[in-house]
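Just so it is clear, A, B, C and D label the chains in written order, and each chain counts residues from 1 on its own.
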């Protein structure tokens, strides 16, 4: 599956993925980066999803949310400040990675409770339906969340009420140390949607164009009123679960991840199309580097949040 | 004033608010055609239609999550949990999402939702009889309301349906068959406003929900012995109307708290602590359920729960202990 | 599907169902019958299940448990006492219908939380597996419980761990006022087991012989180590949801339930086989009546429970 | 005595008990090959095998339910809930089944299970930082244990794994990297045995879990000013060792409770209530988290939580208020 996109759009997708990766690297360079779940290897999922969603389409994501927030359009400086707990981001430093939100651009928020965003997303979709906004609510969750009963209850209600809800399972192969097959007794995660009659597809989540195509199909159908859909996006988590978790996968397995690196793959595709060469790549990387430097400066200058002010928002 | 059954007062409050605010929607088990477990939503489905009055599956977790998400995105959901015991199953979206939403989003998102549940015991046994008030009070960001009269059911539910953040509104099973006066105009009971149900000068008894009625009965027993108890119905379990409570205990010098839930870390414990802090020398006692599950057996149910006689006995003991102490001090 | 059973066994099944129905009628005649969920129309499920389970096979049921407890072998006098809250039953009056248990005969208990018995039953099955008892744990729950995420989580863990667990959905068509189709967005409830690879069948739960056959197949397979199974037993709840719930189904619908009355059906079958005639039926009914009278007497004589004693068991 | 990291003390306790009692099984996320989120189950999978050390899906509800059912049927399950916040998802089987099982079955069934969870804040934000101690205390039938040292982790976990009914054993994230002495023999810490961590005569400070360590720091600050605080670590949050606490406040006359959770209906509120009941004239104060969610931001996290300075300040205020009152009484 390959979405025909323009030259410019192809380069934008690549640059966007490069920015996500560089941003997370910059985060790790912070003196105190905090407890973070990174998305290295999962950039195509984030960029592909946000390419298709309108700003008015609510997006909810899981605790692995940094790439998703950036791709959605949270300014990188503000996001960096937010992640290290400073005021200057959309949530004044209170949210951190697991709770970042920016509803003005449709980011209804990350949620640190695995599977906890599913029923909430159904509620957001219910509001769209009831208020006739025409918006599609997109909820991204991990493969690990598929073990939770929340998925069952959410699929059921979304099907019963024909909610405009797109469920995207970011299947990066693991929930911490637990491989999908060890945690969920199904052949394919998409099987879980079948009993409820919710159309489901599994796609290659390391191919940004494939992600865009699948998203486009699903969003179009949902917007036309066809009810909920489910997409499983298969990708690889190239790093450890979190900045606090030891990496225990054998290095041979980690080596193999190179082949599914969404950025390497997309670079090759664009080169094959003749849209990318070393000079162009260097140009994109320079633009990304400039953006990152500005973000670092912004975050460094950002003030620490004020406790009294935060207390007033309870 | 009209005389309405408790359940009718509820239906009227919801109906008026739904009429006023088109973003209010109802979700819960058997609330549509069936009209609710206690007939308290009767007529609403017919009046407001299937889009605004929605039956849910027996799935409390997604019900509360739906309410939280819908609230964040511009609706005002009222989610029905038949027995508050089953709110345990839906606590995660309430506590981990809705209660923290305004804080964590820096006030960009809020969750103006209401969970309406029924607490307390009436012959249905251990998992249909609990009171979770003190758990909910413990969580920053949740308002907890609990009426004991038709008028307050009406006034508190209307308040809940206009509140800025999550509210848990808690009925009691024994209230539904009762009737009471409900104001004809729109009379809201504000958050943090306790009601003095009976004036008295010897001690203050603070209760809420059905225990307010039990306490009024106890006060009548005490009055026959010359003990004049002031009975205060919290109505708003959190936030508490501290000023009304403090003024009362300053007059009486003695506080007894009564609740149907457990004493340990209970509502009364909190109230007693704060009032003792505000009034040096205040003498306090608390009464709640015995430390056991509540059985469906009528004998064991009454063994476990406070009744008028037990409330009165606690009041007598409190006053007697105080007199003994006073004697000890003067001699 | 019809299980060939002996003449004597056929009469036993009928008598057993007659006892269940007469018992519930006697309960309603008590001065204070309490808040009860009755099983009129669902007797074949209870009798069929308990016909096949060994005493050592743990049985867990839902809040609609009276027929199940009787069929399992709780003495009718003790059960009657228990249900009205008197000491004299297995739980000294503390349990009531929603919590009655008698582990000495394998009744691990009713549980009043809809779907709340599913994960607990998986735990009981885990204990059988770990302790190598060879027992099959049977968990009975309603169609309403299928809307709860607990079913998803239980199916998943049972499949992952190949637990000796038999999940029986007593589909009586309604959860209170909510018809199955309104509460669960699936074609058939058995579809819910499919993603997890758990073999599932739907049977006529008003035919006691069918119930026995399906139970026999499932229990045999599970005991042989083949992992969990799911059986949906379709029947009708002939009365209102509970003694406190108004009946709102149109009387035409209630009339039709006669055709699916498991007792009428079985009487006809036994008559057709020549095993039953009016005299034999009168004999069975007399035996049941005697048992019920004795139970009523037992319950009347039973003492009320002692609060202080109960308090000591917390 | 050997010096063990907190996590090593846990692993040793579990290992010894599994060796002793073949019915003990472990269930939880990433506890097998991975060795647990805090490396606290390292080596157990290798030693006891896949049947007794079981990874679970990310599904807390079924995990706790499995433990409850397995306990009822003859095993002794130890269920791991990585963050106690997620125990909310599994409260129904714990509270509605396990805690009531002995009562409701008339002691024919019991649920000797342990839930091991981790509470408290360490930079992980609002849904990974809560303390549910007081909710659990509120429920009849649940024992709640919370160590603050390696030795107590060892001793309390062993006690938990021999207890007759459900136990919630709660670690704190900040304890795992710490080391401490662990007795070489089998030394259990009994239920309801508080530990006096420091003796003092001016006031009693009662804390538990990580706040015990914070309180000891506070006591050092206070000592420099001539204030001698007696520091008591509850260890057993429920049941409480009332006698040790009462004896202490009888000596000091002043009580400060410190906890990381919320004050409202909190652990400290209960303790203050009961001790005030036992000792007339006792002066009390409580300190807990500010009334807000805990953010991942280091600045907001420390703003929300008690630290040694804030504990010391509360102690000073308590003593000063008491002095003023005494002056008021004498003049």
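One rule holds for everything that comes next: a contact is a pair of C-beta atoms (placed from the backbone, for glycine too) under 8 Å apart; a residue touches a chain by one contact, two chains touch by 3 or more.
No experiment lies behind these values; they were computed from the predicted model shown.
In this assembly, the chain whose C-alpha centre lies farthest from chain C is A. In terms of their C-alpha centroids, the spacing between chain A and chain B amounts to 41 Å. The distance from the centre of chain A to the centre of chain D, with each centre set as the mean of the Cα atoms, comes to 36 Å. Per-chain Cα centroids separate chain A from chain C by 47 Å. For chain D, the set of residues touching two or more other chains reads 57, 59, 61-62, 85-86, 89, 92, 96, 100, 103-104, 126-127, 140-141, 291-293, 295. Multi-chain contact residues of chain A, defined as those touching 2 or more other chains: 94-95, 99, 111, 113, 116, 147-150, 153, 156, 160, 182-184, 310, 314. If each chain is drawn as a node and touching chains are joined, the picture has every node linked to every other. Within the complex formed with chain C, the residues of chain A that make contact are 147-153, 155-156, 159-160, 182-187, 191-192, 194-197. Interface residues of chain A, counted against chain B in their complex, comprise 58, 90-92, 94-95, 99, 101-104, 108-109, 111, 113, 116, 118-128, 130-131, 149-150, 153-154, 156-157, 160-161, 310, 313-314.
Chain D makes touch with chain A in their complex at residues 29-30, 33-34, 37, 55, 57-59, 61-62, 85-86, 89, 123-128, 290-293, 295-301, 303-304.
By the touch criterion given at the top, residues 32, 34-35, 85-86, 93-99, 111-116, 144-145, 147-149, 175-178, 182-184, 248, 304-305, 307, 310-311, 314 of chain C touch chain B in their complex.
Those residues of chain B whose C-beta lies close enough to touch chain A in the complex are 23, 25, 51-52, 54, 56-57, 59, 61-62, 64-75, 77, 92-93, 96-97, 100, 102-109, 140-141.
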